[in-house]
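What follows is a structure written as structure tokens; I'll ask about it next.
As written, the chain order gives the labels A, B and C, with residue 1 at the start of each chain.
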Amino acid sequence: MITSIKGGEKAIDASHRLLAKRRRGNPAIAELSVDQIREQLTLAVDRVMNEGSLHDPTLAALAIKQAEGDLIEAIYLLRAYRTTIPRFGYTKPLETSEMIVRRRISTTHKDIPGGQFLGPTYDYTHRLLDFSLLEEAEDEDGLPVSTDDTFEEMNLCYGAGFLSRTDVVEAELPSDGIAVADLTREPMKFPSKRDQRLQNLTRGDEGFLMALCYSTMRGYGRNHPYVAEMRHGDVSVVMEIPELQFEVGIGTVRVTECRTIHMTVNKPDTPAHYTRGYGLLFGHCERKALSVAIVDRALRGPEFGEERRHPSQDEEFVLSHSDSVAASGLVQHLKLPHYVDFQGELQLLRQLRDEYEKRAGQADSAENENAG
Amino acid sequence: MLDDLGLDAAQEDYSFAFLDEQTKRMVRRAILKAVAIPGYQVPFGDREVPLPPGWGTGGIQVTASIIGRSDRLKVIDQGADDTTNAVSIRRFFKRVTGISTTESTGEATIIQSRHRIPERLLEDAQILIMQTPQPEPMRRLINSEEQARKLHAFARYGLMQVRLYEDIARFGHVAVSHDYPVRVHRRYLSSPSPIPRFDNPKLHRNRALIIFGAGRERRIHAIPPFTEVRSLDFEDYPFEVQKWEQCCALCGSDNSYLDEVLLDDKGSIQFICSDTSYCNDRRVESRRR
Amino acid sequence: MTPISEEILQVEDLNKSFGRLAACRDISFSLHRGEVLGIVGESGSGKSTLLKCLAGMHAPDRGSVTISVSGDRRSLWNMDEAEREQLLPSMLSLIHQNPRDGLRLDVSAGGNISEPLMTSGERHYGSLRSVALDWLRNVEIDPGRIDDLPKTFSGGMQQRLQIARSLVTHPQLVLMDEPTGGLDVSVQAKLLDLLRRLVREFNLAAVLVTHDLGVARLLSDRLMVMQAGRVIETGLTDRVLEDPRQAYTQLLVSSVLQV
């Protein structure tokens, strides 16, 4: 006797209970607090804020806790929350030239106005597991750990000036007057503009963008990047309040900004010069800032008469597949039932097999006749 | 997942049907445009909703934008009301609207569906919302959105016909079992969403408004009531629907789309209606007699 | 004297630059039914840009391209894009140097020939098949290969298939961009014979762009010599090749044409 599957509702409830139980883990171990995640897993929090399109470290930390550390799931939680928040307005563009710098490097010049600061970076750590971190959990006695280094913040006012001092670098794209596209309100359009692209890349999946950037460096659309400057620090956020008719600072955000320059010779009507790639993200995420800047430049190819040959140069390929939320959704939808279309396809497959057998049979008998 | 969001605790913080009124207005404008230009894919600003893209978010946003307190909602997936994703979407709407839901096709005012059009004829006051993964029928043939939009603008659809030509040349018939492309109102080439070919004729001059929502792809298209919808074919190779030699093992229907059911590991199979509401109605009817 | 036939193409004062580079300067000419015009010059002379302006691919900066469509004279760049895209297939066909640019390599030979007909509305599979078979014979491809993919064809066969696809809708004007480029000499000769026959058979007006004066001599009635974006000499093919007036043309002829 056949009965169609019932009980979906109960199964879903049970599944959610199982999730909650697993999230809590062994109850004998202290529960992780959202504050701990926000303060101690900051790089995960940064990634969730960038790809979740919302600057709110506490909610990002909550999302990470709720998603059991699955960052792509956490990103989606934050996005789905974000979509319900009303929009009050737009801030003024960030003045990254007035950044309070925690880290700043340039790979094109040894001495740059304002100087270079190594700051916090994993770049020169030896990747040896630090077993002392295992101990700390047990030694917890509620006292803050003392550190010798007091961090000295540098206020840097040189802007990106040194790049503009040479006449071989493309002029910085200017003007605050132009309306900026907003992907959270309007769909992506092709051919795309750079503001849409940069927003898309900032929200894009770090792994995907890094792989694209990597592919350009392995010959799939080389674009000869130099990191003219990578800086990380705090900038103030300024908003113009229409009712007040003046600008007010509403806080600071920590960002990473990457400027790359690329030698460009392809266009017959312009002399060889350096063109730019750009990446600006929340928090500290240099790997992604680099990937964004270099993919940004790859996508600008048509401006400079470059042929579109490789995935990193194809705006539709890059921008339509960069979003981890969309990608994860469609990939995982394969777990949904497909009884109906499978049944249709199965019927077609059987028909094609029958016809194949029939043709093969005819060919055999024709051969036999010829032989006979 | 909904429990985790704490919707119960803070339900007042969310708008009726989850989306804020501005967003609903934006989606409704897209729907109106889609109705005005049958079969044309209207771009819209997709919003994240608490279910993942690819799982019916386009349909959910369309439903959320048009649903009112007096509506009765039916949600089906693969023709059934009790598959997990249908349950999940129905619960979502119950929770964020508080409206009544139904499993009966006849009672619903709005039907959100994935992969099937109900067997029972739809009526004037009903709206059918189809979840659509890929609204661009030519996507399999050309990747570029820019190019595809040009082909639509110039109604240059030879390429799609070539696909059918190739099938006939190779197999003697068109080898497309679902998501079979249609021409709407003699103008736009459109995707009917991945419904089986069997359901295509139901699109033609349907009494209900049919709206296709593709969230991830940010497009809405529609087939208004009584619109001419033709499945692509050749004069000498006319369009055909799937047929079964068996009847439904439960209700005996010989004119509905059937699901294959595996009875054991030795290959015994039976067939039952894919549309559970239709099958139940028939069984109740026959018991009454 | 044969009576003057219908004018199919008229180009007036056409100019096209890319940045500071002028690719085409002040180009004017006209073309009649049944006439083949060869455009010769070195690479960079502007002949390919000119062809793209005629084919609806590049808009000229200045000047006009007028094409006759069943007696109606239409200005190619004076209509909006939608109208141009709609009319273009009935106005002209372009034969690319590389058959890959003019064919769908993942579609059978029959599908390739039939597509233009399907685009213009033909919906009878049987008649599409018979037209495709006729055209395969016409361009000397074994009709038995109708269901094979072009990627299994030799370069010469691919080019003949492209020609069939271009001519199946009976355009009045055909633009050819180095149609024999990249082929072996023996294959070239066969293809030239075929083109010559088809041009006569269908009384086509054709523009042939080539750097190969041998090809130009075999196919074209008139020649136009281009240098640095300008037409520097024009005349009947035999006259230009046997009695070149410009120094540049003399150089071209003496260096290439030792047949």
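Structural remarks
The definition used in the following text is that contacts are C-beta pairs under 8 Å (C-beta built on N, C-alpha and C of every residue); 3 or more make two chains touch, one makes a residue touch a chain.
Keep in mind that what you see is a predicted model, and the values were worked out from it rather than measured.
Among the remaining chains, those touching chain A as well as chain B are C.
Ranking all chains by how far their C-alpha centres lie from the centre of chain B, first place goes to C. Here the chain pair with the top count of touching C-beta pairs is A-B.
Annotation: 32 Å between the Cα-based centres of chain A and chain B. Distance from the chain A centre to the chain C centre is 48 Å, each centre being the mean of its Cα atoms. By the touch criterion stated above, chain C contacts chain B in their complex at residues 82, 85-86, 104, 107-108, 110-111, 114-120, 123-126, 128, 146-147. Every residue of chain A that touches chain C in the complex is listed here, in rising order: 267-270. Residues of chain C that touch chain A in their complex: 18-21.
Chain B contributes residues 150, 153-154, 156-159, 161-162, 165-166, 168-170, 233-237 to its touches with chain C in the complex.
Within the complex formed with chain A, the residues of chain B that make contact are 1, 3-5, 14-15, 18-20, 23, 43-50, 52-55, 57, 77-80, 82-88, 91, 114-116, 133, 143-146, 171-173, 175, 177-179, 194-198, 216, 218, 242, 249-250, 257-261, 263, 270, 272, 274, 276.
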